[in-house]
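Structure first, then comments.
Per-chain residue numbering starts at 1, and chain names A, B, C and D are given in the order in which the chains are listed.
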Amino acid sequence: MNPAIRSITRAGINQGLEVLGIRNGYQGLLDDEFLPLDNHIVSGRVRDAGTFLQTSRCPEFREESGQLKALEVLKKNRIDGLIVIGGDGSLTGARALHRRGLSVIGLPGTIDNDLFGTDMGIGVDTALNTIISLVDMIRATAASHRRCFVVEVMGRGSGYLALMATISTGSQVAVIPEFRMNIAKIAQVLHNRFNNRHNNSVILVAEGVCGGAEFMQRLIEIGKVEQEVRLTVLGHVQRGGTPTHYDRLLASRMGEMAVLALLSGERGSMVATVNGRMQLRDFDDILDRRKGLPGDAIRLARNIGIELGDVVES
Amino acid sequence: MNPAIRSITRAGINQGLEVLGIRNGYQGLLDDEFLPLDNHIVSGRVRDAGTFLQTSRCPEFREESGQLKALEVLKKNRIDGLIVIGGDGSLTGARALHRRGLSVIGLPGTIDNDLFGTDMGIGVDTALNTIISLVDMIRATAASHRRCFVVEVMGRGSGYLALMATISTGSQVAVIPEFRMNIAKIAQVLHNRFNNRHNNSVILVAEGVCGGAEFMQRLIEIGKVEQEVRLTVLGHVQRGGTPTHYDRLLASRMGEMAVLALLSGERGSMVATVNGRMQLRDFDDILDRRKGLPGDAIRLARNIGIELGDVVES
Amino acid sequence: MNPAIRSITRAGINQGLEVLGIRNGYQGLLDDEFLPLDNHIVSGRVRDAGTFLQTSRCPEFREESGQLKALEVLKKNRIDGLIVIGGDGSLTGARALHRRGLSVIGLPGTIDNDLFGTDMGIGVDTALNTIISLVDMIRATAASHRRCFVVEVMGRGSGYLALMATISTGSQVAVIPEFRMNIAKIAQVLHNRFNNRHNNSVILVAEGVCGGAEFMQRLIEIGKVEQEVRLTVLGHVQRGGTPTHYDRLLASRMGEMAVLALLSGERGSMVATVNGRMQLRDFDDILDRRKGLPGDAIRLARNIGIELGDVVES
Amino acid sequence: MNPAIRSITRAGINQGLEVLGIRNGYQGLLDDEFLPLDNHIVSGRVRDAGTFLQTSRCPEFREESGQLKALEVLKKNRIDGLIVIGGDGSLTGARALHRRGLSVIGLPGTIDNDLFGTDMGIGVDTALNTIISLVDMIRATAASHRRCFVVEVMGRGSGYLALMATISTGSQVAVIPEFRMNIAKIAQVLHNRFNNRHNNSVILVAEGVCGGAEFMQRLIEIGKVEQEVRLTVLGHVQRGGTPTHYDRLLASRMGEMAVLALLSGERGSMVATVNGRMQLRDFDDILDRRKGLPGDAIRLARNIGIELGDVVES
């Protein structure tokens, strides 16, 4: 998120605005933790993962009382507009402030890429590159030791990361919430590979399906897999990669757009990227909606032989 | 390019085709250096830079005689269709074969991103990520030693890489062929930064402008820069990065598209990505045309305070 | 291990020997899976993790019958000497063959660094660098989210990796089998840090102590830690890093030494590095012995404020 | 150097000392730029390249007047002891202060590894790992394009980096100041490789020999090399790598040793690592002396077929 903060700061100052950062998320907003931002402070932050402003959970802000207090703090500090970076929860909070009259623009900061209305969120490309470099490392071990690896990747409600990383690492199976897992078929795929001189296989499991450990347990119980099966849960490492070019550029563009949008009187919307172009989408159009997987990625996965499971009727 | 080869192979076999690779580019085509490709051979190649089929220059192929010989070799090996990955030169060769009656589809393999008609070429994102990680390293030295660094990046005819990397590394100046360099203004920018407590600056120069060494010479001659100025020419290192997720996915999509296009009777065109979607563009529409820089990136660069030089009237 | 194989091959050929690789470990030896090695085959392998010869478990080799069969296969192929790379298990197998009359030299290939008699094993430095880059990534998340992270690293019987990585990542606590864990003291350390304006902490736990999950459970039960505590199990990713310079050089030196040792009539010993110099140590002097942690690292850890637990009387 | 600063700070505070950092090297000392260091400030710096205290050249300090002024500033700030991290120049300055009565301990901070008296300097391992990852990238291009690459690496007076990186990247030729270059023999090596089915070669040239550009010129003039020859000058990128485990540990050990040495009344010496152990060496024993290359590395290079040039009689 640091590139977004840099871009907002630089674009804001460039437009004659005064820019303040809020430390520590909504909790910091309630606690009046403002930090004046200038070119010096944001300089050199683009390569750091996470956010130098830090973040934290804030149950108080979900209550009406918390939101009213936030508005007061903002008023006291004479803040005219607010830019919120985050996922569904953060943007729901942003909408609440918008409905109470504040000028708010949101940026999609969710590395699962599960926010409806934007093709990509800030941090998704970085997470994917971190994941594929880790899976590449696991493949090196898998190939040396002739094993089958189950790798659990992030994704509570969305199989986006698992599907995409399966394609780009040359893995064989993606177990994702959007498809019904067919464990017998997966075992058959591994069995066939092993008997076709492939000495290793890699399966990516989105954490939202059942957890990698349970999946592995069930796979072994089928009794068809000749190889040793091992599990790796990638976990929090997935969040710490140095931002990629794509993410730095996306964040810079979105940050610039948010500043220009506030200046032109826009509010109550999120900056989105749709087919390579920046757009503004109303909070009401994007929140509480379920995002599907891109159809062309599913077709591509099938065309290059990736096992996805059975289609769910919906 | 390895992910493209993998995708072509897997999608082709999936469609019931026999897939052959040509080693060593057009020279290998003339020398009949075919390599049958299957899932084993392409497995695990997605993470290697470059191309395992190797490539080389082939002056003979630019002549009519060379092209006729190529057609003969292809006929002898009973090849029904050809997929060519490369830049302007390679695709011009592909068009020549197409005009002589061969079914040819091209993929944009140019890391300068100077091919007209496609938003991105295969390898561009990888090159950019390599460049920004190198510039991040130079910035660390620049900050420790309080210096100004001139970094020469690839780009004969296009400032795409230099512009984009300037934005995403938080550098201060991009010297690119699309704008008229104003060396006095650049010196002023550095002077102002230095006197505004910024102890380091980074300037990216596209090699096509004048070469980093000459640029540095001229900058020092102005006599306004208080800091030590140092030069780094990134050179061939820029071509060797491990393919990023973006490039693996783009290459996989384009490879799949090329196979499907050949099967459906398409020919004489290049697979392009335009606004996030795959398209086919006629060779005649894309070759020998000059690609401009994306307008939104130029605007973004200006909005966050990057010095680009003077607009060229055209 | 690839750099060791390269060095053995090149040094062997340089000395006029014929060099064969055995695919797939002792199992491959029993199955007669030899691969003639030359400069072409080993060229370019130095940067790949793992071993291109592959490896696997072989229960049969632990029996007398398996060892006799191995000697037969070696005799049939007219092999005069054997170089074995591996940990305690592999080298115990090597000693068995040595006792039955074969010329055998061992190389320490254990990334836990738990082999007695050598300061470092091949792969340890690479594993440590992989671990610290992952912990650096986790620290970025910990700092952004103000959390305490428990990171489980490799090390069944040895806390070497956990101790060293704690020092070099600037983490606060190492939980290792060589010291008695004092969970109340650890909770106190975290409590004090939190109340001293440190918003994040990282604890490294060697897997041999109790597993990261159990440790976290116990830590939370103490009830003194104000922050969210999260767990990451690094797992197999630790084995897949690109070999570092240190490991490539160590492996090259050890491979060269093994060849020269065999040629000079040495056998039944392992190549070791002691105080920066290569030595040969008898298998009997190194196997079945417990290696301690380096005393200066323990003192250093304490001097820079790392919590290690209570000293175990022994 | 950041890990050394962290270790000095933590070990110093642990011993009850007050620790001040000097910004900007000897220039900052003259300018009274002190920064009180505590655990917060140094926390999280271990992974940053360079030094967060920054550094710069200071011609004034080479004069007696500068040194006397430095002593005054130190006295005024009631500094009892000074730890200097740097190469030959910085430590010569440290000796000058020592001779004027100040308690000074030096740490070897030279990434060329050209400081006599210590096996390794702080930063050498990091530089080597950066170099080998860059050469690995160049090899990927060399292999794809069937070329010969000349890579210029750091090393004014010492071929240490070039020699070591040649060994660990599997390159073919090291051109270093310690040996007399035999350009005809190098051309012959390349010629033989090319005709022995090796389609690429990499030559590492220490910058102190003649510069990569001049070397390439001379190589091409011989007229024996069939392949395209390309040059890459690695330059300042070599200085910006994230510190490796080895360097973080070495720096931590040396920083701890420097603090303990000052406390025990030692002065006028540099912390060195010799055969894996920390030692103190008098400034007079190490300054102005020429360090040779390690003999076992030269022998290893020859045993695995690396061309080094002709031995210089000395």
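Heads up, the rule we're going with is that contacts are C-beta pairs under 8 Å (C-beta built on N, C-alpha and C of every residue); 3 or more make two chains touch, one makes a residue touch a chain.
Because the structure is a prediction, the values reported are computed rather than measured.
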(request) Determine whether chain C and chain D, two copies of the same sequence, contact each other through the same residue numbers or different ones, counting it as same when over half of the numbers at the interface appear on both sides. (result) same
(message) Report the chain whose CA-based centre is farthest from the CA-based centre of chain D.
(response) A
(request) With chain centres taken as the means of their Cα atoms, state the distance from chain A to chain C in Å. (result) 34
(request) Please report how many Å separate the Cα centroid of chain C from that of chain D, as a whole number. (result) 28
(message) Averaging over Cα atoms per chain, report the distance between chain A and chain D in Å.
(response) 40
(request) Note the residues in chain A that touch 2 or more other chains, in rising order. (result) 136, 139, 143
(message) Let me make sure I understand the interfaces: which chain pairs count as touching?
(response) A-B, A-C, B-D, C-D
(request) Give every residue of chain B touching chain D within the complex, in rising order. (result) 24, 48-52, 54-56, 130, 134, 136-141, 143-146, 149, 199, 230-237, 239-241
(request) Can you check the complex and tell me which residues of chain C touch chain D? (result) 3, 6-7, 10-11, 14, 39-40, 43-47, 119, 125, 128-129, 131-133, 136, 139, 143, 164-165, 167-170, 197-198, 242, 244-246, 248-249, 252-253, 256, 275-278, 296-297, 300, 303-305
